[in-house]
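In what follows, chain A forms one complex with chain B and a second complex with chain C.
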Partner chain A sequence: MSIEQREARQPWILLTPALTAVTLLLIVPLMFIVVYSFWLKSAAGADTPGFFLDNWQEALTDSFYRDILLNTLKIAAITTLACALLGYPAAYFISRSKGNKLILLVLLMLPFWISYIIRTMSWINILGVSGALNSAMIWLGIINEPIQMLYNQTTVILGLVHFLLPFMVLNIFVSLDGIDTNLEDAASSLGATRWQGFLQVTLPLSLPGLAAGGLLCFVLAAGTYITPVILGGPRDAMFANLVYEAIIRQLDWPLGSALSLLLLIVLGVLVLIYNRYLGMAQLAKGLG
Partner chain B sequence: MDDTKRYERLRERFQNGDISRRSFFGLLGAAGAAYGLQMPFARQAFAAGDVSQVRFDGWGGVVSEAFRKFAFDPYTEKTGIKVIDGTFPGGDEYLALVRASQPGEYNIAHLSGVFDYARYHSFDLNSELNLANIPNMANVMPALMNAFKSITPDSLSAAPYNYGTTGLAYNRKHISDEEMKEKGAKILIDEKYKGKIGGWGDWRTRMWYAALQTGQDPNDIKDTDAAWDAVRKHRDVALKYWASGAELMSLLAEEEIYVTEGWSGRIYALQEQGHDIGYYDPPQSFGWQECLFVIKGSPMAACEELINFMLDKDTSIAVAEGQSYPPALDPTKVDLGEKIPKLPAFDPTGTLSGLTFANPAYWNGNEADWSKEFGRVQRGY
Partner chain C sequence: MGWRLIRTYTILVYLFMFLPIAVVVLLSFNANQFGSFPMTGVSTRWFEALWENEAIMRAFRTSILLGLMTAAISTVLGVLASLALVRYAIPGRNLITTLLIAPILVPEVVLAVALLLFLNFLNIGKSFTLLLAGHVIFTLPFVILVVQARLVSIRRDVEEAALSLGASPRQTFFAITLPLLMPAVAAGGLFAFTISFDDITGTLFWKPGGIETVPTQIFSMLRNSISPEINALGTVIIVLTVGLPLIGAAVARKLATKSGA
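Up next, the complex of A and B:
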């Protein structure tokens, strides 16, 4: 075997473990889900194998699923916007801070050391009827009776922002940290105010990081299941909850498979659009 | 010849130069792969042989704690067989897990309701108990046994273990006993308590209480439209559907809600903790019996031994007192002590004629449609 041939083979040899893992743990199970989506649920007992379009027809034409999907995308969009508005100043502050940048980044990562479910449940102790906020307001004489703050769409979004904000901050930070600060000085020397320098130099250069963080937050928020269960009211379901209910509660694995694939396709299209205009390289940089 | 001997002979051939290094490692790899592949099937073979552990899945919280403390730990001490106890938030979730598992992966489940027994049977997940290995079954109330025998007349896959009700739990600071008795199930759709009402996000419970709220027989709902309207009304006045016993207890204890339907044992546990929570079983309150169901592919002898141990009078009473649910033991045959007769839903006659249980044929027959419909109704449809 020539050196060229050996060198050509080397990347594939190195990639083999990862490709095997992706194939066995992602592609093959996904194929099972695709096959299952064309089966039918029987009234009791095993499902009916075959090629039936009933589940797809129901998932695509039933307004119930469409409405919940749109509501899910709306919640994901609001969450992403809130993360961007809250995350940008934080990321800017970290990137421009001198000396204590590492400490701030460690502080940013700290929440990941605690289970996501525990972090979500902590809002019950903060916003609950006998939680910290109500107790403090009663003690201060601001209110006489506790206010009902939990179990609505706002608390679902709050929980999601709490969960996703570090992802947004990290992505924007990576982008801001790579910008040469001399550019801002150059803008100032040319007569721009600090605000103009930020708007016309720093912000445009950091947009790829903002977009990468936005995509991550949006996809993760749209696929969330546990936050609406813990912090939502009776009506505050997201699409992943419907998948869970179809598969777990209704034991309708074929319909659940079709619904999960529908969500995957919708989010996949969004990722493709992102890739078309911004490329996946920035996302990899942000995650790295 | 055992595997160790085979390996030693192979290594000797390699060391003597009879086989190449490549062949030696190739054969070792093949042996490893063959062992790995045969494991799922070996599990079934092992089921009949030596067993070092049995898996038990239950409802978590105080219920699982009582099992661990009063049944599993003493059983392990006595037999050396370890009991791995898992938990699940609901029967539907657990059934989905069992369906997706290998035979023998899940062994004994603390299932609720005869309808669950029937569902496992319909999915061909039922085993066949050898009752000769469970002599303590003789002390179980015939009424509980007969419910299972109506589904599998020739054999049993489960031993009845306890029973209880899903009645009305209410905060006495805000709702008096008189008001509760006067309003009954309709208090769950009372606008007066809007935002302070809870409910289990389980379609059966929702429809059962909707039947009571619309004056219908829960085992024969004629006007389903009216029942669904009642479910919608409850949804509109409810703060939250709770998803587990722990969440039910937390919502009541923290006064997030004043009234909900609740599991009798969990409410009793709250009362014992000092919370001023009342419990009322309205007429035709949702009665249920729980069993120790042995899933197909399990090590039967070990499971039967564990069940017999759990049905022992002392164990059963200790667990029942810990869980606050009356045991399946017949009170006319066994002295159940002082605490158990005070538990909610306890029936001193041993006939359980005062409780209304879900008709498995009726509820399982409507499961596909009603579970799906509830998914929509709870989302505002």
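Up next, the complex of A and C:
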């Protein structure tokens, strides 16, 4: 074999292990559940292979699934909006502060390293019947009896925002940090107020970061399984909870396959729209 | 005026992020037997209870073993793939990158279901093997992103100098590229370990009955109610997960200065 041939083969040898892993552990399994979603669950023993539309019909027409899907998207949208409103000013402050930028950023990223389940359950310490807030209000004499503030849709959203905010801030920061501050100065020297300069120069230039952060928050929120279980009530199930219910509890794997694919399709369409207009590069920047 | 407003707002955002975590640490030292407010005194009894709780200690051992194996496999796969992507002009580079990053883009529940059903079809049921396979596949993209970013910044001519002085490509890799890449390898490995250690959604789908990782153990303990033991466990994890990356960053910086990068 010539040196050139060997040189040309080299990268593929290096890529083989990773590509094999992704193919065998993600791509083929995804294709497998597409097939599986057309099978039928048998009362006992193995599921019946074949081409049945029953699972898809159930997933798409049953109002129970539709309502929970819509509710999941609503929760994800509110979470994303709240993350943007909380995260933008913070990211702006970090990017424009003098000196200790990196420390501020690392500090905000710290919770990202702290266990997700610990951060989620930490809200029980704050909002629970014997939590910090109730104790404080009783001590101050505002209330006599503790009030139940937990286990509703608001606390689910609160938990999600707490979990996802660092993603949003980081993405907006990356965008803001890349903007030449001379542009704002130029705007103000041309007679714009600081606010006008921000609205017409800085904000539009930072939209790619905002969009990347928004996509991440939305997709991660819409796929959540744990937060509604810990911070939600019995009526606050999200779509991933349905998938778990079908796969692990009812062992209805064909229906579970159809439900997971439905979630994948809905979120996939969103990612594709994003990719069409903004491209994946911005997303990689925020993650890297 | 506007700037001061933004600063106050930012401080409030930081408080929102840190207050709940601070309360976990505070309550873990609570002497009160219900682990709730009011604090009745400072005590380390919950940490002692933790140490004697066989189920939690077992979960810790499982999580650490799983995390280390995940980190080792993901880092090796990720470094090799990153080398190919950064150092060679290969056709279809964008497609390959997208493929390798795909596990982040697929919602974790969907990935969990697909892997569980497919490996079950291959007669690999819920097991440690399935758990390991799952953790490898969704930590791999993070390792690749971290290592790639670092690799781009290593100058090609250092490697070419070694090659022109008669080193074989293999010698060049081990003597030049790998030492320069070490901070990224360490960061990638640590990232993979932390993500694996923290994972719960996939783990709940893949773990066989009887095996618990730290997050699933906490999850099952939460079913009853929040106990001071959970807060103590939370404090331990906070110290580990914040401490480890900080130590890692310090080590990485030391390695980087030693190698002159």
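The rule is simple: the second predicted complex is superposed on the first by the 270 of 288 C-alpha atoms of A that agree within 3 Å, B and C clash if a C-alpha of one lies under 4 Å from a C-alpha of the other, contacts with A are read in each partner's own complex, and residues count from 1 in each chain.
Convention: contacts are C-beta pairs under 8 Å (C-beta built on N, C-alpha and C of every residue); 3 or more make two chains touch, one makes a residue touch a chain.
Note that the coordinates shown come from a computational prediction; the quantities given were computed from them, not determined experimentally.
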Partner chain(s) touched by A:245 [first = chain B, second = chain C, both, neither]: first
Partner chain in contact with A:118 - chain B first, chain C second, else both or neither: second
Touched partner set for A:272, first chain B, second chain C, both or neither: neither
First, second, both or neither for A:68, with chain B first and chain C second: first
Touching partner for A:108 - first (chain B), second (chain C), both, neither: second
Partner chain in contact with A:130 - chain B first, chain C second, else both or neither: both
Dominant toucher of chain A (residue count), chain B or chain C: C
Contacts of A:148 with chain B and chain C, given as first, second, both or neither: first
Chain B versus chain C as contact partner of A:186, first or second or both or neither: neither
Set of chain A residues, in rising order, touched by both chain B and chain C: 124, 128, 130, 229, 247-248
Sites on chain B touched by chain A in the complex: 90, 92-93, 95-96, 99, 119, 122-124, 195, 201, 203, 235, 238-241, 243, 250, 254-256, 364, 367-368, 371-372, 375-376, 378-381
Chain A residues touching chain C - in the complex, by the definition given at the top: 10-12, 14-15, 17-19, 21-22, 25-30, 32-33, 36, 86-87, 89-90, 92-94, 107-108, 110-111, 113-119, 121-126, 128, 130-132, 134-135, 139, 162, 165-166, 194-195, 219, 222-226, 229-230, 240, 243-244, 247-248, 253, 256-257, 260-261, 263-264, 267, 271, 280, 284, 287-288
Residues of chain A defined as touching chain B within the complex: 41, 43-46, 64, 68, 124, 128-130, 148, 150-151, 229, 233-235, 237, 242, 245-252
Parts of chain C lying in touch with chain A, wherever the complex brings them together: 2, 6-7, 9-10, 13-14, 16-21, 23-24, 27, 34, 36-38, 76-78, 80-81, 83-85, 87-88, 90, 96, 98-111, 113-119, 121, 133-134, 136-137, 140, 142, 144-146, 148-149, 169, 194, 197-198, 200-201, 204-205, 214-215, 218-219, 222, 226, 230-231, 233-234, 237-238, 241-242, 245
